[in-house]
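Presented below are the structures under discussion, each in the form of structure tokens.
Presented sequentially are two complexes of chain A, the first with chain B as partner and the second with chain C.
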Partner chain A sequence: MAAPTTSTPAPERRRRSPSGKVSFLASQRGRDLTLIWLFLLPSLAIFALYRIIPMAWNVVLSFQFWSPYKPAEFAGLYHYEEMLFYDDAFWQILWNTILFMISAPVGIALALGVALLVNTQIRGRNVYRTIVFMSYPVMTVAVGIIWQWLYNEKVGLINFLLISAGIIDRGIPFLQNFDFALPAVIIASIWQVIGFYMIILLTGLQSIPPNLYEAAAIDGASPAQSFRRITLPLLRPSIFLCFVVGIINSFTAFDLIFVMTGGGPGHATDLLITYIYSTAFTLSKFDYAAAMTVANFLLFVLLAFIANRLAGGEAGAVRREA
Partner chain B sequence: MRKWASILAAGAMALSASLMATQAWAQDKKITVVTWNIPYFQDGFNLWVDEFKKIHPDFEVERIDMKGTELPTWYQTQVVAGTPPDIVNIQGGLWLEYASQGGLKDLTPYMERDKDYADRLIPEFADNWIYEGKQYGVPLYVTKTLLFLNKIMMEEAGIDKNPESFDEMMEMAEKMTGEGKSGFMTLNFDWLYWPLFKMNGIDFVNEDLTEAAFNTPEAVALVERLADLTERGVIDKISWTGRWVEPNGAFAAGTVGMLHAHAPAYLWFKSKGEWVNEDTVDSIALPGGWATPNSHSLVISEGSKHPDVAWDFVKIATSGVGAKAMGEGTNNLTGDREVNAELMKYFEANVPAVVPALQTELENLDKLTGNWPFAKDAAIKEAFYPEIQAAMLGQKSAEDALNAAEQKVNRILRSR
Partner chain C sequence: MTRTRHWPIHLALGLVSAIMLLPFYWVLKTSLTGENIFVYPPALLPTDPHPFFYVDVWYAIPFFRYLVNSVVVSALVVVANVFLNAMAGYALTRDFPGKAATIMLFLSCMMIPFQVTIIPAYLITAQMGLLNSYFGMALPLMSTIVCIFIFKASFEAIPKSLIEAARIDGVPDWMIVFRIVMPLTKPAIATNVILAFIWSWNSFLWPLVIVRDVEMQTLPLGLSRFLSVVEDTTGALYAFCVMVLVPGLVIFLLAQKEFITGLTSGATKG
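Let's look at the complex of A and B:
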């Protein structure tokens, strides 16, 4: 016996108002909606309290002169003018953030290479997988300290290797050098997250049915063609996920920067997030920091929009069963 | 049954109300004191509390110790929350931001009332905490910059006298520079490098603090020279990139000839470098006697519920037995002149290694620099230093860096 396909109550059970209309709560749709909102309410309340209200307050703050010690005054677009036309550090830092962000594909490409290697039937592949993944659970502060020592001008392993190989004749102060500092921090960041990317991509690789490769081989496809026509298209969701994680990482890599360079030398390794923090808490310019946070948020929304379009425009959509 | 339930509910409510009232009363009779990175100073702090309780037996004292990097963030969030600590141990120019915005209590009336106490303080150090004619802090312990000499490296380079001018200091630094060794290094935070400019006759601002005065041909020549010395390794690059651990650590490694730092650096690098002792490291004033103070003070939050009580605690901590405990506990001198005389005797007997460095702290007090009372001290530092740093590390020409710095600093000085 088939189950009822509709849950609409029988007409005789509906409660009618004196005017003859069915009351909202008496209708099935009304009850469903009420139930949905009741279930959603706790999460929405928390979301509003910790996300929406602070963000809205932040927007308000960005149009004011405000400090913890004084009442607020309307500032109009003063902080936005400051940010766009006078603060040359802001533009440098925005560029740093973009560079940090576009380094994500490099990490993903490396992780894909590693994932392909450890996905083959080589001996001890689980050991390799573990070794590559090991960097991910390490605390970011520890990662920062490890790489600080690796980059050390006098006793760092990297300088030792470069000098030993005869590539350089004296140590390079990587983290104190305006040209090397940001790439050095980016490398440390990629090293930390590469294990995570690898696991995501490995899972994606293992979910590709082997018969597709077998069929391709029978049709005479070369390994490169199989990779391009089967592996890459089917890995697209995993790569997209890694890309999103990479973008988020570039906006939140506060601890790594803070430990390794503090944003220096100059602003060479400052990201928007570190600059916002130091503007607020070192310079006590909370209002200006709020304006930069709005810019940061808008940039993030723009990137999310682009990423969503690239993913087919339906990321996060809930499909209804027909 | 319903009657009993009502009685129980009423009883519970009465109990809760009385507990809350007791808690509120307990909180009302409490002051909070924040110290700056001296968690080990517990015995001395307990002595302060014992002395304080003699005059305010009904008050509790809560102590919170914080690292310098964490304190500003924490303090400002407490101010926003309406629960600022009553007393804060503060350092550098941080207090100026707070004082200029009305966040700190004006202590001038207290100082005028307690003349005996005020007279004990060394005026040059007490004056460091004046903004627009008002006293906002009193010295807890005092430090200023000096020059540490690595006598082993000096001897190896054939140098048998102390430098007496900037040129001589740099010539000696050059002689000591070699494979993996630098002749000179300075700390750079909180304007600690400014004596190098001042000893060359360069002023940062005009007298009324309204306009930058540093962009002169002499300053361009000096920055070019310092950049060249840095490029050639005579001045260690860490001078312009490190903060505290890196430069002091490098000096402790024994590969730096001279270190321009403040007195507390001595015991730090002594603890890291086994070679450091009274015979191998000398402590002298920078040629010309210029120095940047980097003292700590106690301030009272404007939002303190008990400013008068807090003031009593401040007086105890910064004078007499309280100050002596501070000096002995941290190996520093204090703002109390009489206590300092006792402390020097104590150090000569117990910690002779620190005596030469501490002696310089009380000399040349008319030659303090880098302690301008700017309302936006942090913003000015942030505008000036990255430009200078870029020039010192060869990223920008001295002229471009000073022009850019002048423009930025003037904009801040003129801003609201």
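Let's look at the complex of A and C:
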């Protein structure tokens, strides 16, 4: 009905400023840019508020004397000195954390075995994949409760099986024992995360072109040789990724440890993250906890860097692709 | 040739599956045992299965209250994630000054585990007066970098001509995103919904830090609190465990494909 020539709204909406130029907000480009930044703003605000500012604040706090009811005072390296020279627990807990991180390859090796098996053309492979992966997305707090029950000294399944097999005579209180508590927690943690390793490795395996194996077979390579010469080198980025997941797992294991042992006995199962939590939120030593957080983050970055170098540096390229 | 050699693989995978399933079975069995869970030797099958402990949970703890809190926080997180990540993902498909820097910023934020930020994050949240609140629990989880990039990738797969055509017709940009682009990226939305749900549903450390009020506790907090009160003396603890596990497991099994796609695309693409 309306004449098409008069119904184009765009030119009418453009208001010209006195100088004759189109003002920024009224121009098409200006509106585009405004919209782009408006769209980015909420996400950027959340990451600023919960990643960037806290990271910087942690560093500042670690050089201060500060508690919720006292004004901040410059402390220099006081907290770092306390951490490195006067806090015996810190070294034990640092060692626990490193042990926890470097136990990741055990889980990754197991996961690689499972990934190779479910990557074959057998019937029901999807069911196996689901079963192995199923422990990953469940609530870690519940996983902790299940495992502390499995480890129970008197009626726990693990002690029952060990006794039935004649390996031990009487139940071991795994989680109350200084020698067994940390390995026990690590096993529970590997049980939960192994499915995720498997999925990462499976994705890596499936991206290897099958003609490489065919060519190797024609050249007379044994399966072991093609595994060592083709599979492992091409899986390097995936293995590196698993290792980073394993390192990050030493942070997410907070839930597991909080429920299973609370860091005990003594500090036998305390990781830096659980120690940081109790130092900050039960002892209210926020400043000291901030210094340990900085140490924990540096350890994480260092190990991720080493893993990247071991992976031949290619993994960094994969990550940057996005 | 390979046909005949399948059984060792089945045997090995059967063994692995048994190890992976046994803990689930054991907690289910314990929760159905009836009165005494401390009988030795432990029965491998529940003798005389009984829902006694489930009834006990219902009366011993405010299960419904925890459930409502968990559902509210998860709903906030899921809805916010879909909208905020889609918006940010769409913005990143456009050209603008500072784009490379923004992407770098997102990628470096990914390298900061949330756990190492809890102390200042707690202080900031306290400053904003959000302790003990649903919004405070949800806020840090409301946008996820992995999902922003998943949205970005799926927006880039949409033909440019479609968006151009809409723009020529005078459709405003915000409407292009919500009415034209988003309906075409249902897989990305599904992935985002399931990831955000599982992460917020399982989230423990953050609510533990900012929630003091029992009335505001979510399921994982309730579970851990119940453990600290009763220790492991009652089967009700394990019944509670099962009640918490089932919703998460069911949703995971229904949306397994989306969940795994989301995790692996985040894992391989940064």
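The rule is simple: the second predicted complex is superposed on the first by the 259 of 322 C-alpha atoms of A that agree within 3 Å, B and C clash if a C-alpha of one lies under 4 Å from a C-alpha of the other, contacts with A are read in each partner's own complex, and residues count from 1 in each chain.
Note that contacts are C-beta pairs under 8 Å (C-beta built on N, C-alpha and C of every residue); 3 or more make two chains touch, one makes a residue touch a chain.
Predicted model only: the values in this text are computed from it and were never measured.
Colleague: I'd like to know which partner A:Gly264 touches here: chain B for first, chain C for second, both or neither.
Modeller: It touches chain B, and chain C stays clear.
Colleague: So, does A:Phe227 touch the first partner chain B, the second partner chain C, both, or neither?
Modeller: In the superposition, A:Phe227 contacts neither chain B nor chain C.
Colleague: By residue count, is chain A touched more by chain B or by chain C?
Modeller: Higher number of touched chain A residues: C.
Colleague: I'd like to know which partner A:Tyr80 touches here: chain B for first, chain C for second, both or neither.
Modeller: Touch partners of A:Tyr80: none, neither chain B nor chain C.
Colleague: With both complexes superposed on chain A, which partner does A:Tyr213 reach: first (chain B), second (chain C), both or neither?
Modeller: Touch partners of A:Tyr213: none, neither chain B nor chain C.
Colleague: After lining up the shared chain so the two structures overlap, which partner does A:Thr140 touch, if you call chain B first and chain C second: first, second, both or neither?
Modeller: So A:Thr140 only meets chain C here.
Colleague: Could you say whether A:Phe178 touches chain B, chain C, both of them, or neither, answering first, second, both or neither?
Modeller: first
Colleague: Kindly classify A:Phe281 by the partners it touches after superposition: chain B alone (first), chain C alone (second), both, or neither?
Modeller: both
Colleague: Go through the superposed model and pick first if A:Phe240 touches only chain B, second if only chain C, both, or neither.
Modeller: A:Phe240: touches no partner chain.
Colleague: Of the residues on chain A, which ones does chain B touch that chain C also touches?
Modeller: In the superposed arrangement, which is not itself an observed complex, chain A uses residues 154, 281 for both chain B and chain C.
Colleague: Mind listing the chain C positions that touch chain A in their complex?
Modeller: Residue positions touching the partner: 2, 6, 9-10, 12-13, 16-17, 19-24, 26-27, 30, 37-42, 84-85, 87-88, 90-92, 94, 96-97, 102-103, 105-107, 109, 111-124, 139-140, 142-143, 145, 148-149, 153, 170, 173-174, 177, 198, 201-202, 204-205, 208-209, 219-220, 223-224, 227, 232, 237-238, 241, 244-245, 248-249, 252-253, 256, 259-260, 263-264, 267-270.
Colleague: Looking at the complex, which residues from chain A come into contact with chain B?
Modeller: So the residues of chain A touching chain B come out as 65, 67-70, 86, 89, 153-154, 173, 175-178, 262, 264-267, 278, 281-285.
Colleague: Enumerate the contact residues on chain B facing chain A in the complex.
Modeller: The contact residues of chain B facing chain A are 72-73, 76, 79-80, 97-98, 101-103, 180, 237-238, 240-243, 253, 302, 376, 378-379, 382, 386, 389-390, 393, 395, 411, 416.
Colleague: Enumerate the contact residues on chain A facing chain C in the complex.
Modeller: 8-10, 31-33, 35-37, 39-40, 42-44, 46-47, 49-55, 57-58, 61, 114, 117-118, 120-124, 128, 130-135, 137-143, 145-150, 152, 154-155, 157, 160, 164, 191, 194-196, 199-200, 203, 238, 241, 245, 248, 251-252, 254-255, 258-259, 273, 276-277, 280-281, 286, 289-290, 293, 296-297, 300-301, 304, 318-322
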